[in-house]
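The same subunit A turns up in both complexes below, where it pairs with subunit B and then with subunit C.
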Partner chain A sequence: MSGYIEAQLIILCLSIIYAYGIFLPAASGQLNLGAAGFITLGAYASAWFNASTGAELPMWLSIPLAMIFTGIIAFAISFPILRTRGVYMVLATFAFAEVVSGVAINLEFVGGAAGFPVDDHADVTVIVPVTIAVILFSFYFMSTRLGLSLRSIHDDESVATLFGVNVRTSKVVAFTVGAMLMSLGGSLYGHHYNYIEAQTFNVLLSIYILLYVLMGGTQTAWGPLIGATFFAVVPEALREIAESAGLKWLAEGRFILFGVFIVLLMVFRSEGVMTRTLQDRLGGGLFRRKKPIADDMAGGS
Partner chain B sequence: MTEHLLEIAGMHKSFGGLKVIDDVSFNVRRGGRTALIGPNGAGKTTIFNLLTGVYPIDAGTITVDGQDITDVPPQDRVTVGMSRSFQNIRLMPHLSTVENVMLGQHARARKLGDLLFPLGMLPRNRWRQAAEEALENAGVGTYPGEIVSNLPYGVQKRIEVVRAMVSDPKLLLLDEPAAGLNKTETNQLQELLERVSDQGVTILVVEHDMQFVRDLCDYIVVLNFGRKIFEGTPDEVHKDPAVLEAYLGTDEDAAEAENAS
Partner chain C sequence: MLIIQQLVNGLMLGGVYVMVAVAFTLIIGMLNFLNFTIPALFMFAAVLMYATMMGHLPFGNDLILSVFGTEYRWVAGIIVALVVIALVSLVIERFTYRYMKAKYGDATEHALPLVSSLGFLIIFEHLVVSTWGSDPLTATSPFGQGTFSIDTIIFSVPQIVSLVLSLVVVVMLSVMLKATKLGRALRAIAERPDTAILMGVEVSRIVPVVYVITGLLCAVSGILFTINYATVDAYVGDTVATVAIAGMVLGGLGNVWGAIIGGLFIGMLEVMSIYIVGADFAKLPIWGLLLVLLVFKPTGLFGHTLIGKGKF
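For the complex of A and B:
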């Protein structure tokens, strides 16, 4: 594998992990713009657990410990944050990420503003299998009754409550598990590049990840995979193709094209590329109708 | 076993200064089919919302099967044995038919093991099979994978009843189940409800279609402006002067209403 392809693959894998971290709460209707915060927590916590100046634990221990650490923080803040909804939740999670960033920059024992070197290295043979595991886990998670509850909450919270769904608990679980996935992604980022600084994990990153999920679609577990893959691959591929074809204007202006595409996507597929209806249409076998609607409507039953 | 499955005593509810439910008391006989009727704005749907815990009540008690549920939070009331359908269809639009019905099973599947069971990955699991069977029995087993928002209105209405039924309720609350249905659909619904009732489920139904109420129900409670003005059998309700005046208006109006229904 060439170095360039490998570097792109790493970016793709990290994007996918981040996206699933945002997708799990988004499936229940939570708009979380705090991705950068959880990624920062994961990256710094794992780096510190791993560092010779810190706990000196091996990477395979420091990463899960970082996930637990992030999970505890996410659990604690989920209660005030989940009292907000819609655009107010966007603001609350954004504020959380800014706080984390501000704290990280000012903590001297993790390098402060100078950044923090990370000891153990995670290469592509670690990151790709972990990414596949995250994807499989997310598909499993969404197929459970808990996943069904989250999708019900997304559609109609009060009806879900009346059928016995504990809305608060389900939302907290989705928020916390999502934060732990983002922590995992952040840890892998640190261990791959072996250097982290809080400024890398800025609000632009949070926005991109939320966009991956919303563009891909929040109704099925395919959404974030499609969204992240599309966003990570297409702009880069467009540059490659344009440059090799000698189209300098396209290589430089590809983000304009991309922006237009996003607007069109939101106009024509506002629920994301992958919706439930589309999934059923594509996966006809499992969900095929037993007989056509017309039979029943004729009053045959 | 108490004779009455549901007992409402001295129920009060105000929104701001407006008294919407004013000292309402009535009982629902176990295994019976009771109708709750009244003009628009009488407080029928509000009573359903108070029973299911959407709003807390200001005063009074609600007893289901001998258990006082006045202070039970809404997500736990379904486990007491009470389930409902809605006036405006409130199926989950992004869930398939079967998934909607599986949501109705939630009250019986709240243990951690049940919550983490991969319903969607194992197509022949017992929950899905039970849901498909329930749909089949209600005559809507034709398209389990279909997204509900694509289905005809009458079918969606029946799916709501099926969803409410799979929680295994003792008391089924139906809010205008026949509204907006044509004659064929109404008959299908009535047939379904009679079968439900024969299984021993107690039914409390809010309905404007008087023909439907007379055909289905054996007891009627009439509300007007948040107060109970009558309770008795369907035969008696037509002779009660207070009901005639409040609910049907004058004789001419009553005759018109008859023709229209």
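For the complex of A and C:
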């Protein structure tokens, strides 16, 4: 595998893991713009557990410990944050990410503003299997009773409450598990590039990850996979095509075209690329869900 | 004395945030959506002002030079920035608000315009990067560095003018909201859009006006930013807008006067925390305050409770 392809594959894998972390709360309609915060927590915690100046644990131990650490923090803040909704939730998670990055920059024992070197290296043979495991886990998670609850909350929270779904528990679990996945992605990022800086995990990263999920679609577990792949592949493909065709302006301005894509996608397919209806149509017999009555009514087919 | 100087600087910086915060709060108050095109418009206006003033537009530089001369190119800059931003705002309205009503009306429906507006943010940032590059662009201020001092406290004249100007614009806006027919229609939409339609408010014609007003607020703010701070780049909007969001939340979502006070306060908080604890810590007080506020008093200091509860 050439170095270039491998580098792109790593970026794709990390994007997919991050995207599933945001997807789980988004599947219940909670928009989390704080991805960067959880990624920072995971990356720094794992680096510190691994570092010779820290706990000196091997990588296979430091990553799960970082996930648990992030999970505890996410669990603790999920109660106040999930009290907010809609625009307020977007703002609260966003503020949380900024607070985390502000703290990380100022902690001297993890390098402060200068960044923090990470000891153990995770190469592509670690990251790809982990990514596949995350994807499979997310599909499983969405097929459980809890996943069904999340979907029902996404569609209509008050009706879900009436039918006896424990809305708060479901939301807290989705938020916490999502945060742990992002932490996993952050740790792998640190262990792959062997160097982390709080400034890398900025608002723009959170925005992009939220875009992966919303563009892919929040209705099915395929959404984040499609969204992240689209984001990782399309700009690169555009660059390749533009460069081979000798269009320098297109190679430089490919993100403009990409922005236009996003706007148009929202015009023509506002629920994201992958919806339940499309999944049914594509899947044929293989993935067909048992059709609930409510779907027939909503779909109007 | 130094501390008073810092407070004055903070107030001036707050002046920049005020208009952006008011732009955010107007869109959130009226349409219940967090408009991420605001940083883009702010940045685009600032860069257009720079480009016109310094003769770096992609075309039309000679025309501007022959009409206005080197002396008055800043006037041309203001005109270009305002006109372009007003037009762009209409395009943005066409592609964000119009698609707000989701077909199935689920919990993430308010995400649709959010995503479109993020798309526009990406478009404008990369438009600027591919035209002018990603390095900081430095303009020479047409007014020089005029300062005067009262008892060792230094005031910069352009900054005072912009602070006053931004306050005047915002006061005019709030008078407009209170006293005119348009203002009444806007408040009706903010209160309850469906009822507003029943009462004969033409929502589809009023909403573009809201977009143009917020676009012009961003444009004026961006122009003043270029004149005062002289250095702009493609990402200046992100930095300013994130802080302005904090100011808006502090004042209460959807409250114009709250946004003014919040913006000024955040400006002072930023300068004071840089002064007291250093630049690395400067983010913490702002975001910590925002987080605590959102959790414990999400309505902010003067907000109302309607926002985010089943509008549209």
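Basically, the second predicted complex is superposed on the first by the 285 of 301 C-alpha atoms of A that agree within 3 Å, B and C clash if a C-alpha of one lies under 4 Å from a C-alpha of the other, contacts with A are read in each partner's own complex, and residues count from 1 in each chain.
As a working rule, contacts are C-beta pairs under 8 Å (C-beta built on N, C-alpha and C of every residue); 3 or more make two chains touch, one makes a residue touch a chain.
All figures in this text were calculated on a predicted structure; none of them were measured in a lab.
Asker: For A:26, decide between first (touching subunit B), second (touching subunit C), both and neither.
Answerer: In the superposition, A:26 touches subunit C alone.
Asker: Where does A:280 make contact in the superposed view: on subunit B (first), on subunit C (second), on both, or on neither?
Answerer: first
Asker: As a test of reading the superposition: which chain, subunit B or subunit C, is in touch with more residues of subunit A?
Answerer: Partner with more touched residues of subunit A: C.
Asker: Just to be sure I read the superposition right, which of the two partners does A:165 touch: subunit B = first, subunit C = second, or both, or neither?
Answerer: A:165: touches subunit B, not subunit C.
Asker: Of the partners subunit B and subunit C, which touch A:155 in the superposed model: first, second, both, neither?
Answerer: both
Asker: Should A:267 be classified as contacting the first partner (subunit B), the second (subunit C), both, or neither?
Answerer: So A:267 only meets subunit C here.
Asker: By the touch definition above, which subunit A residues appear in both interfaces, subunit B in one complex and subunit C in the other?
Answerer: 154-156
Asker: Provide the residue numbers of subunit A that touch subunit C in the complex, in ascending order.
Answerer: For this pair, the touching residues of subunit A are 26, 28-31, 80-81, 83-88, 90-92, 94-96, 98-99, 101-103, 105-106, 112-113, 153-157, 203-204, 207, 210-211, 214-215, 218, 249, 252-253, 255-256, 258-263, 266-267, 270-271, 298.
Asker: What residues of subunit A sit close enough to touch subunit B in their complex?
Answerer: 139-140, 142-149, 151-152, 154-156, 158-167, 219, 275-277, 280, 286-293, 295-297, 299, 301
Asker: Residues of subunit C touching subunit A in their complex?
Answerer: Residue positions touching the partner: 28, 32-34, 36, 95, 99, 102-104, 106-108, 110-116, 118-127, 130, 238, 242, 245-246, 249, 253, 280-281, 283-284, 286-288, 290-291, 294-296, 298, 307-309.
Asker: Touching residues of subunit B toward subunit A in the complex: what are they?
Answerer: 52-54, 74-79, 83-84, 86, 90, 92-96, 99, 102-104, 106-107, 109-110, 114-121, 123, 127, 139-147, 150-152, 155, 163, 167, 184, 188
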